[in-house]
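Should a chain be cited, it is by its letter among A, B, C, D and E, assigned in written order, with residues numbered from 1 in that chain.
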Amino acid sequence: MSHDEHHELSFIRKYVFSIDHKVIGIQYGITALCFLFFGFCLMMLMRWQLAYPGQELPVLGKLLGEEFFPGGVMTPDFYNSLGVMHGTIMIFLGVVPLLVGAFGNYVMPLQIGAPDMSFPKLNMASYWIYLCGGCVMLASFFVPGGAANSGWTAYPPLSVTATTGQTWWIIGMVFLITSSLLGSVNFIVTIVQLRAKGLTMFRLPFFVWSQLVTAFLLLLAFPPLEAAGVLQLADRVLGTSFFLPEGLVISGQQLVQGAVPSGGGNPILWQHLFWFLAHPEVYVLILPAMGIVGEIIANNTRKPLWGYRPIVYSSIFLGFMSFIVWAHHMFITGMGTSLSMFFATTTMIISIPSVVILTALVISLYKGSIRFNVPMLFALSFLPMFAIGGLTGLPLGLPASDIHLHDTYYVIGHFHYVVAPGTIFAIFAGVYYWFPKVTGRRMSEGLGKIHFWLSLIGMNGAFMPMFFVGIAGMLRRGYDPAAYAANENLLGMVKMSSWSVWMLGVAQLPFILNFFMSIVAGKKVSANPWEATTLEWSAPSPPPHGNFEAVPVVYRGPYEYSTDDRKDDFFPQHLQAEA
Amino acid sequence: MFRMKIVATLAVVTVSLAGVRVQADNGTIKGKVVFAGNAGDHKRTKLNTKKDPNCAKAKKAIGSYSVVINKKTDPMTLRNVMVFVKEGVSKKYDAPSDAIVLQQVGCEYKPHVITMMEGQTLTVSNGDDTNHNIHFLPKKNQEANFTQPKKGMTKDLTLLAEAPFKVKCDVHPWMGCYIAVFTHPFHVVTGKDGTFELKGLPAGKYTVEAWHETFGAKTMVVEIATDETKEADFTFAP
Amino acid sequence: MNSRRYTAIASVLVAVLWLGFATPLLAQDTAAAPSFDVELTGDYGYHLPPNIAPEGTYPHTVDSLIDILHYFMVVLFVGWGIFFVYCLWKFRQREGHKADAKPIKAKASKYAEIVVAIFEAFLLIGLSIPAWASVRNEFPTEEENPLHLRVVAEQFQWNFHYPGPDGVFGKTSPAFLDLATNILGIDPADPNGKDDITATELHIPVNRKVIADISSKDVIHSFAIGVLRVKQDAIPGMRIPVWFEANRTGNYEISCAQLCGNNHYSMRALMIVEDQGVFDAWYAKAAEGPEEFDEDELDD
Amino acid sequence: MSASVLPYTVKPHPVTGVYSGKLGTWLFLASEVMLFGAFFSTYVLLRVGAPTEGAAVWPTHEQTHLSWKIGGFNTLVLIISSVTMVLAWAQLKMNNFSKARLYLIVTFVLAGLFLVVKLTMEYYPKFEAGIRPSTNIFFAAYFVLTGLHALHIVGGMVVIGYFIGPGASLWKKDPEYFTNRIECTGLYWHFVDLVWIFLFPVLYLL
Amino acid sequence: MADSHADISKHVKLYIGVFAALAGLTIVTVLASQVDFSGPGHVVVALLIAGIKATLVAAVFMHLKWERSGWIWWPLVLCAFFFVVLMTLPTLVATESRDRAPAGTWDTIPVREAPAHSGGNAESGH
């Protein structure tokens, strides 16, 4: 297709089946934000049951129907479905598509000075496959028995003997995995092949590095889960027994798979294949978030990121190590001493690069000139929140302390601190930061600050109590915490957590308002409102098809702030030094 | 749409008129289910319900139910045996409009054996101050598995015709009962006297089956003339 | 300044929300608390549950590991936080303040990282590995006269299988399974199985080591005794041994820690730790099998 | 749009030394290695862990009814198809389109032959004999592994068929671009062959 | 990678040679499987031959022999490493746990009824 044909593109080719990375990025962004909000709503429902177990859910209970809310009270099956779908939607349909699909797609080619992704049609395909996966997941709520209810980890034999929703879940996952695989190939090739002239690997903004490492994680870790999904599908549909051992008795009857009794499989096998993906997945969730935070911190401290190379090396090392720590999720499955020691050791080792990155980001503040705008507030609060999330990972990585904390709310608190006030704050930071690039307008600072403070309080109110009830031994995935006498004294904090979650929900209203109002009525700004140095800010806002007016050439590293005696305190990558 | 309803109503009326004529069929098969084995080998024991203290609130103890012998009758008879016409019914019968109730009281199913007709409503209700999970294990019907976490909860179901299948509670594994669903009304369950009576049969040759959860099935062929009453006893001698 | 005004509004909102909703929530409301038939022994609250293992055994190492780690975390986080807040205050953008882009030689951070690494290594090698080795390998020998039992999980109940006075387990097989009367599937023809005890409450004698083999009939469960810091997945097709010892009598809870289906949340069992004499009496009585059911008295 | 706007779709990148399509294909193959790796890992774990007695014991050769003759024949078919695939690319490099097309057609036919043999001489008789994936764990692995491999063959046939048919017009517009695409298709095709090279001994001989 | 016609025709000869080697090795594998090795000999020999064949295909047909780009080699090296991890660690973990806990849930499991495919020796092979 040549240049002059662009104007003839129909509306559908331009905005729906577009192959422009920016449109696809926006599609990803909007879709994933919707999913993120939907997944959050599921959690608000769950929190009702936890705070007021067995009590009628006001108003909504009647609306949601007799099947899942007999007499307005949530059934345990539905509670479990909500748990599965919350996890799956937040991770695979919300956060990853936002970090990789939306920010990666939109910003990364701009930051490397490329006209588009390497394979634009593949890019489009990966969005539509992702959307299909999302629709399958949503549709599974309406099949008999409701959506999947065997935990987002889908451990067999429970998942193999579960209701139809599980089959839909697997099919949805296969779609999402395929989409991610296509996307990751595209990302790596784009970063390798389409960098602007002069943009060497060590002049790449940290965000691009994080996307590169993430793409490798997706590329190599996702296929085993796809394989596991196929095997579980075979177990459910073809009657095989990959995950079913001999002598399985379900409801007092020997389980018959196909025509013959089950046997010959191993339930732990699924856990290996699942966690082989799901641990790298944690870094898929956190690395691009660190990338966003790095960008914003460098920009708003007006000085270069401290320790750029150590950060890059750490993230590569992090990515590499994340493939050989997975079994720390499986300490209590009956693992012996030597291999659990191996995994505990690799787990301790992997904490070091995280510490390095976090330290580097904090030291970057030192001697800076810190602007407290909304993206920076979110980026800054990422640091302590991620620190809490990371530190509380230590007791879980050591097999001995894991005995007590495994499968308690402590685990929930830990990984939510990493992904909710961690990654999701980074996502908000990114939205506020790149919004002017996408729309040419700025979001309101005032509403943004209300959003920030309420979210910060809501997040901490929701997740901090989990550490306390977790240490006290309250187990996760419990429909009714009051079913154990030992939990009697813990219900106050459980309620506090629920109310915080609902407050957090309210706190998103200013954001939604701000987001849509700013698209039409936000303050118009120049191409480079934050006075940033990276390449995306040298393109017009919003960038036209093909991105740059002239093919950019890069002369320096990504974060040249306040480095010499120029009039401005920033030196964009594409500007040639004056003689 | 409306016209269709009229047609349907007419059809129903016609069928019920036919039903009135069925009333004229007055054949009866009756008898008892005799237990001819050693009662000492099949003592009932108290079931261990300690797991859920709420169970003991409604009932002090629950007995095992796999074999319940009426020792006081002479000869000894078996309780909880389904007796039904297995083959030989050619007419169509409507399902009765009254619902059959399966109660959960004191962590026990009441009644322990249910026979019902296709299309008839089965109401499952929780009379306990605890959580029950009703799990149907049929071969033909859809597997039902639902929870009633609170006292007073009810749920209505209809079932397709199917040979006896088990229903259990996933929370209290000892709880079990059996349901069989028929396309005709000729089925009863023996009670404390161990007798049964199948009434309203048209003249014909029938295969009658007695089904017991532990001892299995026994069948016999009975031929009755119009308005005839025939006696037929089943004997289980394990 | 516009943004300051908004910050103020936000703070007021937060304060109102917290004072209005959150604070009363923390107060106990006893009305909704369910009734349990037995009261638990020990003090439960926002802290580690009571630990009833004898001093010097691995559950105490687990506790001290958790304690040390949390002190360590607090120290690290507070130290780090002070630096963080200091930076935010000291280097905020203001009139006459400019960023200094000269590279910072941050030796302190390097030392901090090394200290963290060394400390982690210490926790791993010094505490975690010995404790874990104890969990996995230091099973009581036969001289210590441990109590052997089996734990068989199923949806949604814990079944405890004791060998009875003869000390030998009867053979089990799914062929003999009856959910009401023989939930463990003990072979009725096996003489060793005649005196086997099937229980839904775990009775153990105080101050005596116990070896329990954990397995499951259907899906993966997780056998968790909070007060003994025992947690072991019950995996179908495997019989995994654990050991523990209690030194305080009383009633405690056993829970299922791994999602096992819709009623996972109610898969609770009681652990009753009693004096050897009381235990022996229970054991002898239970070995006689279930009582006969007197129909006339109890049935309707 | 790709060809004219995006750089390095046809010519190799001066620094990285590859064109984008080739790099993309190799990365895709890397993920495929992990996919089949997971399946092989499953096979190894289940086989090593199979009980030595009881009903779930691993079936012996006599019980599996797999014929090494058919398997071996199919191995040869795939190897030949790999050769014709690479020859097609070599002919394109030598500017010999019609010969290349002929080789592509041969490759396509061989792939079809592989599938026909697989379906009629292996799957069908097994189904006739009542063997299903649920029969035992070996057949579960057998059907899933070979089935997935067969799907890869079908995928390859679709792509090769496209370049024999409608996709061939690209040769006239941009021969080098077309040659590159055939090279990438070839990479994929050799990979499918490579998987079979492992599947054959693992399932039929060991 | 070489582009001239002469080079390509040299390649063609190589391709034919590799084909002959692959065909030969296939026959060797089959023959080797008929020989009775003790212990794991079978597995080692079969996988060794498969490995050689795979190397030939990858090196010649897939042109890795001539590939100089690090961006192709490094992902493959990574992939190979993780492949090995994926192949070994799960089985090691499973073996270690089985050594610790050799017994199953039940003492005996009733033998399953044999599936109805007796006389199912449909192929000519055995």
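Definition applied: a contact is a pair of C-beta atoms (placed from the backbone, for glycine too) under 8 Å apart; a residue touches a chain by one contact, two chains touch by 3 or more.
Keep in mind the model is a prediction, meaning the values are calculated, not measured.
Touching chain B and chain D together: A. Chain centres computed from CA atoms place D at the largest separation from chain C.
Centrality annotation: A (chain centre taken as mean Cα position, compared with the mean over all protein Cα atoms). Of the two chain pairs considered here, D-E and A-B, the higher C-beta contact count falls to D-E. Using the average of C-alpha coordinates as each chain's centre, B ends up farthest from chain A.
Centres computed as Cα averages put chain B at a distance of 44 Å from chain C.
Distance between chain A and chain D, defined via averaged C-alpha coordinates, is recorded as 34 Å. Rounded to whole angstrom, the centroid-to-centroid distance between chain C and chain D, based on C-alpha atoms, equals 49 Å.
Centre to centre, using the average C-alpha position, chain B and chain E are separated by 59 Å.
Annotation for chain A: residues touching 2 or more other chains are 75-77, 188, 192, 219-220, 224, 245-247, 251-252, 259-261, 263, 266, 268-269, 272-273, 276, 333-334, 336, 480. Across the assembly, chain D contributes residues 16, 18, 23, 27, 30, 34, 37-38, 41, 45, 49, 51, 54-55, 132, 135-136 that each touch 2 or more other chains. The residues of chain C that reach two or more other chains are 36, 136, 154-155, 174, 178-179, 217, 236-238, 240, 261-263, 266, listed in rising order. Screening every pair of chains for touch gives A-B, A-C, A-D, A-E, B-C, C-E, D-E.
Residue ranges on chain A touching chain D, taken from their complex, read 1-3, 19, 114-116, 118-122, 181, 184-186, 188-189, 192-194, 219-224, 226-228, 230-231, 234, 238-242, 245-246, 257-261, 263-266, 269, 272-273, 276, 546. Residue ranges on chain E touching chain C, taken from their complex, read 97-98, 100-101, 103-110.
The part of chain C that touches chain B in the complex is made up of residues 36-38, 154-157, 178-181, 183, 198-201, 261-263, 266, 269, 289-293, 295, 298-299. Contact residues of chain B toward chain C in the complex are 43-48, 50-51, 53, 59-66, 131, 133, 145, 147, 168, 170-174, 176. Within the complex formed with chain A, the residues of chain C that make contact are 2-3, 5-7, 9-11, 13-14, 17-18, 21-22, 25-29, 32-34, 36, 39-40, 44-49, 58, 61-63, 65-66, 69-70, 73, 76-77, 80-81, 83-84, 87-88, 91-93, 97-104, 106, 109, 112-113, 116-117, 120-121, 123-124, 127-129, 131-133, 135-137, 154-155, 174, 177-179, 217-220, 222, 224, 226, 229-233, 235-238, 240, 253, 255-266, 268.
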